[in-house]
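As structure tokens, here come the structures.
Presented sequentially are two complexes of subunit A, the first with subunit B as partner and the second with subunit C.
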Partner chain A sequence: MTAVDLLATAFGAVRGHRVRTGLSLLGVAIGVAAVLVLTALGEGARRYVEGQFSALGSNLLALLPGKNETTGAFPGVGGVPNDLTLDDARALSRLPQVRLLAPIVVGNETVSHRERSRQVSVMGATPELLEVRELAVRLGRFLPVEDPKRGSPVIVLGVDLAGELFPGQNPVGRVVRVGDWRMRVVGVLESRGTQLGMDMDDVALVPVATAMQLFNRSSLFRVLIQTHAYAELDATCEKALEVITERHGEEDVTCITQDSVVSSLSSILRVLTLAVAGIAAISLSVAGIGIMNLMLVSVSERTAEVGLLKAVGAARRQILALFLAEAVLLATGGGLFGLGVGATAVGVIAYLYPAFPVAIPGWALAAALGLAIAVGALFGVLPARRAARLEPAVALAGR
Partner chain B sequence: MIELEGVSKIYQMGGRPLYALRDVTETIESGDYVAVMGPSGSGKSTLLNVVGCLDRPDEGRYRLDGRDVGSLSDEELSRLRSRTLGFVFQTFHLIPRLTAAENVAHPMIFAGVPRAERAGRVARALEAVGLADRADHRPSELSGGERQRVAIARATIMQPRVMLADEPTGNLDSAAGRQVMELLESLRSQGRTLVTVTHDPEVARRAERVLWMRDGAIARRLRGRDLAQAGLPAGPPGPP
Partner chain C sequence: MAPEDVARLAVGAMRGHPLRSFLSMLGIAIGIAAVMLLTSIGEGARRFMVGELTQFGTSMLAVNPGKTETVGIPGVFGGTTQKLSVDDAEAIARLPGVLRVAPVAMGQARVESGGRGRSVFVYGATADLPEVLKFRIGRGEFLPPGDPRRATSVAVLGPRLKQELFGERNPLGAFVRVADSRLRVIGVMEPKGQFLGIDLDDSVYVSLATAMQLFNLDELMEIDVLFSHEGLTAGVAEAVRRLLTERHGGREDFTITTQTAMLEVFGNVMDVVTLAVGGIGAISLLVGAIGVLTMMWIAVNERRSEIGLMRAVGATPGQVERLFLVEAVVLTAVGGALGIALGLGIAGLLRLLVPGMPVHTPLGFTLAALGVSAATGLAAGIAPARRAAGLDPVEALRAE
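Then we have the complex of A and B:
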């Protein structure tokens, strides 16, 4: 029996049983489509989170006072022996690995203009923050370049905050009150969305020294450092800690890199991916059991046919090959159909929710089709083996 | 040459052994024409199945052309069924989704006959059974007699030396039955061995030999032309 004969005969059998073929194709197609849609959703979630991180900027590390990452909400309280000061920041900026350095102070304060007021996060920063956090200015300009210790009374508003305080007006040049302070608005930020829990659209930026006076702080909240290259992150961390240790007499700051945040998040994502893969595997195995049922029915319906094939001289091996070819044809056909359905469904999701980056990963395409064929072949051949072992006379009698 | 030696086929019925064949010893020479008769359940079909290598005897030995069939592998048995034995069934056993020509060509696919050669052989085989114009019809579009002739064309497509027919006219009216028997007998006259199971004394009478079976054993052996005098068809045979 040649390969062409095998395929032609199997194709004839598949075409000859329309209802059974249709049901098998449907079962496999639904399984494969489910795998594609679920993995596309998982992949979408992964890309979404990754996108959030890359919006933060890479090559970034943060120094914060204290030896543990989880100090209290107010740095300076909670057993921090020494402040992380602007002088420390200045010393750090002299390190050759440092490309940009942005000291920040964060607090909550009421920002008001006439009768309108709004409680927002106020961030003390320097002009470097613009590049480090990949921000952009919509109106006016960013914080002025000046001696970081000077602290002029100027403010840059997030786009939502600006809209709330100055509905339909250009706030640049106007004066707002921040707590007891009066500050001149110099610019409005471009919309940036939420960066890791901080809504950059509903924020107010002031010079770092201004914020330290405003909140009566002696220590910085954080020093963000952008290195020249990603590979230098760890080395820069070490150097920075050396500098601080030398200045403070002890190592009382913590250095976090983007990596440490990403790695903790990636473990969450891994669990998510596993869960999705598990659900997908269940749906595919359900499809496999469907194929097996159909194949079982088909083989018992066709036991007499198997008997006849043996009577006219088909060897056991040839009969198995025939049923295997049928099952693989069915599974492949159903798999391809499922790929089409799944891709269409993912396309519809992408159309309905453009913000959610659904995408079918290449491995899912290959795995779904490969699994479908393997499942089809396995579950298709098992029942056929039984029929092929019967004596032809028994099989012909259809028992 | 077909040699059966002490062949038995035993089924378990409710824990008790039931002999479908009981110690059958028989030799059928090449070119012989044998009719197997007997009441229902006497083991006629089982005998034919064993001879046709569709069933294995539980006891005894079956030699076909000197080879012990019991010792053959699945591949070797398939080869025998393919090239040496041609089987015709009472219920035709045509594959309904295939056309007459495709049904006839089926054995050649498994025997590995090249594609180019098949069409010609199918055409000649259908011509020989007088169905050249029915090649593209499916079994459901053919009469019973036509179906059985397609089945005969399929059974002969690999040029077997032994033709086995299990009540080939059982589902046919007498005219179609006569046509089918003439076909089978013409095959036999080409030098083939023909063994047919039948209820029809008209059919059996034309055979060289008649084997009368009862309870799984061959109860009587007689010549076909003596059948009328033996008085067997009227009722169960008496002791010889």
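Then we have the complex of A and C:
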């Protein structure tokens, strides 16, 4: 028997029973489609998170005041004995690895214009922030270039905040109240959306010294540093810690590279995706049991046929191959069907939620189809062997 | 046909093909086991979270500075112009229903003793903190009562920090250096474990005024309020909100978090997660049901002549339909029971092998699983049973 004969026979057998064949295909297809859709969702979540981080700007590291060896604690919460000051920031900016440096102070305050007001995050920053966070200005200009220790009473509004306070008007040149301060609006930011839970459209930016006075703070919230090259991130972290240790007499700041945050989140999401896909893959094993059951029925129905094949000289291995081919054919057909369904479902999700970057990773495609075929082969073995072992004379007589 | 006859016929049919029936059951069993196991893990995780949250008691609320409509986490992101002050805390303490109030300031610093040091959280607190947060003192005593505006030079260590600095030695009476202050150790807390991943035992407690001086703070990080019982939650929260708004010049620039609200949010989130994961597990059950459907379809085809005979001797189409339906339901119910046993077995094994893993199977889940598997049988059996009932008796008798 040639391979073509084998396939043709298997195909004929499968086609003979449309309903049960269709149902078996359906079982495998559901399993494959589920694995594909779930991995695509997981992969989408991972890409979304990575996209959020890269939107923050690349080659970034952040210095936070405070250091904590407690397990599980986030740094940057609560007070610290030694402030991270603007002088520290200036010293850091002299490091050769530093391309741009942006000190930040963050607080919450009510920004109001006449009777309209809104409580937002007010961020004290320097002009460098524009480039470090990859922001853009829609109207007017960004914060002025000046001595960072001199806080002029100017403010740049996020686009939503500007819309709230000045509906349908150009806010540039107008005066808003921030807490007890009066500040002149010099610009409005381009819409940027939410970055890491901070809505950049609903913020107000003021010079860093102004914010420190406003919130009565002596310490910076953090210092963002952009390096020249990605490879320099870790080295820059070390250098920065050295500078601070020298200035403060102890290492009392924490350095976070964006890379470490992204990679840990990314790996968590990858594990989650694998786990969920694995749970979905259980259904493939159930589909395999279904195929096995169907093949057993097929073998017992075709006992006489097997007897005839053996009588005309078919070897055991050929019978084995015949039934195995049938099982694999079923599984492959179901797998391909599932591939189509899964890809369609992912396409629909991508169409409905364009902001969510769902995508079926290549490995998942290969793994799902491969797993389906493997399941067919594995669960086909027992029925095929049963057929191969039939005694020709008994089989010919039919059961 | 009497019900027991129907059952006997169905069981007999299943017995006729033991391997086939077993495989169909196995498919259902795997599906049920997957759903049970996953929802058990979800339920376990939910209970774990509830336990984490209620370790501070349910008749408690926390006030943090800052109210944001934009940023998710209040208080964490730095300053507000209206501070939460010790005066605010004292005013809250005078509200009806409030038992104890614990103002907290917090910072991070290096704590040193005899050449050993460790950077940890430093909490500025008052004598009432252990009662409010259900903390217990292991050794010595907690911070002494007194005016919260007066700094004292004493410290209470968390057990982990004590272990790191002093090992097995008795720390009571020894001195530690926190930032630039020398403080005398007067107590060690009892181990409290972790809260949402943060080791609560790795900390030091100093008097509120000391912490505020140490870190140059002019506001509190949190005011924890203990009231007499859970039923007062809404009333006390509202009273605190009104009081502080008034004190802060009509502005609500703080956030109140009640334990009950937290529990509700976390409970809802965990319920959704459990449902989602259970749903993914249920895909296996669906595939198993398709397997049963396939096998019942084949059974109907194989037993055409038998069906014809039954109809010839007077069985109604309804009786034939019921016969096949019962067969499908028995198949899936037995499969479901198998799956429950499998699920419980794996859950038990997990508990044994991974002691920290929260796995919990409520009795309700088990009963529901059994019900679901029987329902699966009904759903999977209906099409084949209909087909069997619809067969023309004469044609069916002539088959083969």
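Keep in mind that, in the parts below, the second predicted complex is superposed on the first by the 379 of 399 C-alpha atoms of A that agree within 3 Å, B and C clash if a C-alpha of one lies under 4 Å from a C-alpha of the other, contacts with A are read in each partner's own complex, and residues count from 1 in each chain.
The criterion applied here is as follows: a residue touches a chain if its C-beta (ideal position, glycine included) is under 8 Å from a C-beta of that chain, and two chains touch if they have at least 3 such contacts.
All values reported here derive from a predicted model rather than from experimental measurement.
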Taking the superposition on A as described, I'd like to know which of subunit B and subunit C A:Leu84 touches: first, second, both or neither. neither
When the two structures are overlaid on chain A, which partner does A:Leu309 contact: first (subunit B), second (subunit C), both, or neither? first
May I ask you to name which of subunit B and subunit C touches more residues of subunit A? C
First (subunit B), second (subunit C), both or neither: which does A:Gln318 touch? first
After superposition on the shared chain, which partner residues are touched by A:Leu157: those of subunit B (first), subunit C (second), both, or neither? neither
When the two structures are overlaid on chain A, which partner does A:Ala280 contact: first (subunit B), second (subunit C), both, or neither? second
Please work out whether A:Leu296 is in contact with subunit B alone, subunit C alone, both, or neither, and reply first, second, both or neither. second
May I ask you to decide whether A:Val4 touches subunit B, subunit C, both, or neither, giving the answer as first, second, both or neither? first
Which stretch or stretches of subunit B touch subunit A in the complex? 46, 49, 52-56, 74-75, 78-79, 81-83, 87, 89, 93, 95-98, 102, 106-107, 109-112, 115, 154-155, 158
Which of the residues in subunit C end up touching subunit A in this complex? 19-20, 23-24, 26-27, 30-31, 34, 38, 66-74, 76-81, 105-110, 118-122, 179-180, 194, 196-199, 202-203, 211, 214-218, 221, 251, 253, 277, 280-281, 283-284, 286-288, 290-291, 293-295, 297-298
Contacting residues of subunit A [partner subunit B, same complex]: 1-2, 4-5, 9, 12-13, 15-17, 304-305, 307-318, 391-394, 396
Within their complex, subunit A touches subunit C through residues 19-20, 23-24, 26-27, 30-31, 34, 38, 66-73, 75, 77-81, 83, 105-110, 118-121, 179-180, 197-199, 202-203, 214-218, 221, 250, 252, 276, 279-280, 282-287, 289-290, 292-294, 296-297
